[in-house]
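Note that the chains take the letters A, B, C and D in the order they are written out, and that residue 1 is the start of every chain.
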């Protein structure tokens, strides 16, 4: 299977290379970067020295790249994948976009939150979160890979939303992420002395992953859902922990909650149910495609608190993209995704 | 003013020394440690070398220590301050306890959450959070210094609870702390390779700071309050950020919220109101006695999200203790507490 | 090939499991721990949940374990492998010891530096550093796997010692390590708040890796060698950087130095020669079995400065052990060692 | 005493404000920044909120600023202080430059290593390292404040160079610094995910602090000195540790070494002699103006290894500048420099 990576020099692009390089059914034939065209990827990421030293091309030749590829992974900032999508519309190549352009069924929501016009509204697309949309992914032309915070958050509450065990109007998601999620471009807030020994929230009530989570909960519950989502920055590199709160509906017991998780995820390879009263830690999933989930019932307040942990660059980005690719290409879903968590 | 520190070799004790050493009206006359009796404090904390090299005594002679001191600061694990309190009951010395033993008006709450019998139930005591209980602190025999998470959390929502602008049954506090709050005793979870590049929640629905926060909100609002409180561990040394959620009561406007903060804290030296839509960062208060507060209104969900940041060892422990001491001793409240935040 | 791991719950043991679990020719049949006997390894290391949940046994049955195994990896503190070695002496099983017990040809050096009697002096053993002792490793009964600092340091200067390009009496090795090298047992110096934002040297002029490095340089150069070796602790988890200084012999040119590295390592899979004037970074090798090497000539002082970087738990411990295992078992040397560096 | 800070928004400038703000004899009258002119310093550094909110000016009016100031601190990149120096040449104001422009007696050395022409060669200047040049500093018009690596390195070996106890041609200094020394401008190498869990050397054999150290050792020993100096970057914010190696001259005993340190530094307030066989740690001096020093004799190699630790922003920059200021202004040398180390 011939694949290309558009925007290979960001952290998600680099992680994609790491995973796809080991995929037994894949040959990476093109990688692109506009700022480093002509250089070898190993000059930009010296850890690839002697391993993978392919030259970076420009995406100016996207039609040629698309024509030669079975799958194209797009790891560009939002707003740029639509161009790629339109240019490859009539080619047999399939597209997996790691950005937000193809995540929304209702593109007006995208336009409202991302402040850019959507230029490919009728694109044939599915939302790329395999544990929920697996069937749709199989036949999709374009897969809008789920975001990092959203993956952790949706997976945490999906069984409860689906089985209507919680009051969806009460959902509050307090999420924390390592800084690799903010990309590789240096800026003051992510400058080492500034971020080190520091912790803060950002984009309170306005983070763009909010409507993406709401869309999934609506799909699952059948209800319009509006939530609070608050992201925070952890002084570390990789990992997301989502702490999710919701009011239990009347008479819902702990056992019912347990059963809902078991029913939905009992056979999911990449979801590890740690169980009730357990504690996921981001380091236990670091480097792997796992999402670890645990839950707690607070009988005093009648709330359920669900904790979920992922590696934002793997299950939150590149790993999920390859999981979607495996589904769409007809491979075993875990091919090349059997990396163990990297500890300590 | 002669002061002694009981339990001087924990992080709170060491921070107390740092602050009191520079207090122009204070002489530290006794410091104790049961595990290091006879050693100099600078052997245990070499950063004190050439500065403060006092010998550590045992608290076996607590009556003598109490008789010679005007104030005794107790920085022992919970359950041990009650002994000190009883033994010094009939001496003129005043006691500032940094632990939990004297924080609860209703000692049955203490017994329920801390799982130890309270042996000094009729102790004359006040809760040591100056911005709320300043008047009571002035004349107190025993001051039960507020806890670290509780200080950040209570101060964040106090104006809204007091002015009844929020539905107190909807309060959720998602708090995050650096690991110095867990003390200086090595254990696996705080071993460097384990905690590094890791993030996790702990004690969900069961953390002992919960009833302490509820007690203060009841005092402020006049209502019984039950909350969700979730602590998390940040891979860093110092700092707490509390992210506090509550449903706004009907018709409460952003301006009303702003005014409530301004009214309650406008003249507070150690509270810096960063204002609506701002973002406290733990590093901006690190090493200082400040509590930085900002708030956000989410009109979509009609919730207010309040963010507060403190240094857990200063405003969350030793600094607050000295602030209480200054009040009780009749000094300017900020004496010796004018350390600037330590940046970067 | 049936293998067992004696002492599986330290960091080196856990890393061995991670590597051997993915080895296509290996079945792990026994893992031991004296402090956690009867528990599953995934209770001790939850990142193995759902992946590898084998029960930990005691090494009391070492003869049975040895009889059932083709290879036994020993990851015990020094002084304990000799017992294992003697008990398995007459069984066909081969032993790879990750500790120091079998590293010294002259056991009196071991006794002098490690302060314990050597009880298995006549053991048939070789020093386990494949790039230098490959041939001897093939047929060895017992392999004394090279230490972490020593691997980085020996590999850095080996070509220069071997070709006698430097004055071996001038060698100074200033080495720095992440703290995972100190093991998983919590202690004050490695307690997060203590080590965080801190840097220090330790064991100056007395570190036990010194004579191990000297033994290798003597083998290579044919001269008795005495060096300075200074270890430091970096506030991070994994990685060693060795900065190695030596006086160039008269008339030795930069080109001669370049050629020596190329000649010795040009075909070594796990050594990446970054070249003259380059800079290895520990993160570029993290998680992999690579040793990255670069060198600088200072014409002002006529010294060569060689920089080498490894992951202390991989090329410095478990990876190297598996590399030695592959050689001894007749597999391709890089089997199961093709993990890419883990970045960022 | 009226002082101004030229270049107040770098880390050294911000640290100068922190120290001078608390100096009882100082009024800060001007602070400048070309990139943030017109803003309040507390907008650039929010930790100063409510404490010090002075407006940043441009240095276009440097003559006016100089005329109104008794002292001007210059914290600009090298090459820019010479302009300031020339423009203030005929005013009574004294200048303390934290950069390199005025550090060299022989300006051709500056030009060779810094690759810019020196335009103020005849400036009346002294090297600003109080423990060695105290007398000269008292009357200086311009003080070229010693650099961060150089301060740690010179102080470590000064007694041995001065008393000719070591072979100065054998000196090797292996130094390690936290990243705040590289300034506040974001760049890839100091981007959090890149530097985190990473360690590397840089500028081997070419770092600009080399000739500055050599100049001081020549002053002390009376000999021309050429050294090896190798800087490394530690994944932390503040702190420098220098590990300094030198061959002992024949017959020099440990006692002689001890005595040399005691003689030179026994009365120095800011040097703490931890003694022979001790270990400085950067955290023990963090936030303070101390330089902690310890030394080890390796009888096997007849080398002395001296370890020194400073906070690069205090004793390595702003603290040292204020120490020099106190000397030049006739104040007690430690005024405003009595901050305790900040621990943990």
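Just so it is clear, a residue touches a chain if its C-beta (ideal position, glycine included) is under 8 Å from a C-beta of that chain, and two chains touch if they have at least 3 such contacts.
If you're wondering where the values come from, they're calculated on a predicted model, not measured in any experiment.
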Shortest chain-hopping distance from chain B out to chain D: 1
Farthest chain (mean CA position) relative to chain C: B
Interface with more contacting C-beta pairs, comparing C-D to A-C: C-D
Centre-of-Cα separation between chain C and chain B, whole angstrom: 46
Chain C-chain D separation of Cα centroids, rounded to whole Å: 39
Chain centre separation in whole Å, for chain C relative to chain A (CA means): 37
Chain A: positions in contact with at least two other chains: 11, 178, 180, 184, 193-194, 196-197, 235-238, 281, 283, 286, 344
Contact footprint of chain C on chain D as seen in their complex: 169, 172, 174, 176, 178, 193-194, 196-202, 204-205, 226-228, 230, 232, 234-239, 241, 243, 245, 279-283, 286, 296-298, 300-301, 303, 305, 307, 309, 344
Chain D-facing residues of chain A, complex: 11, 178-180, 184-188, 190-197, 235-237
Contacting residues of chain B [partner chain D, same complex]: 11, 14, 18, 21-22, 45-51, 180, 184, 196-197, 237-238, 272, 274, 281, 283-288, 292, 338, 340-344
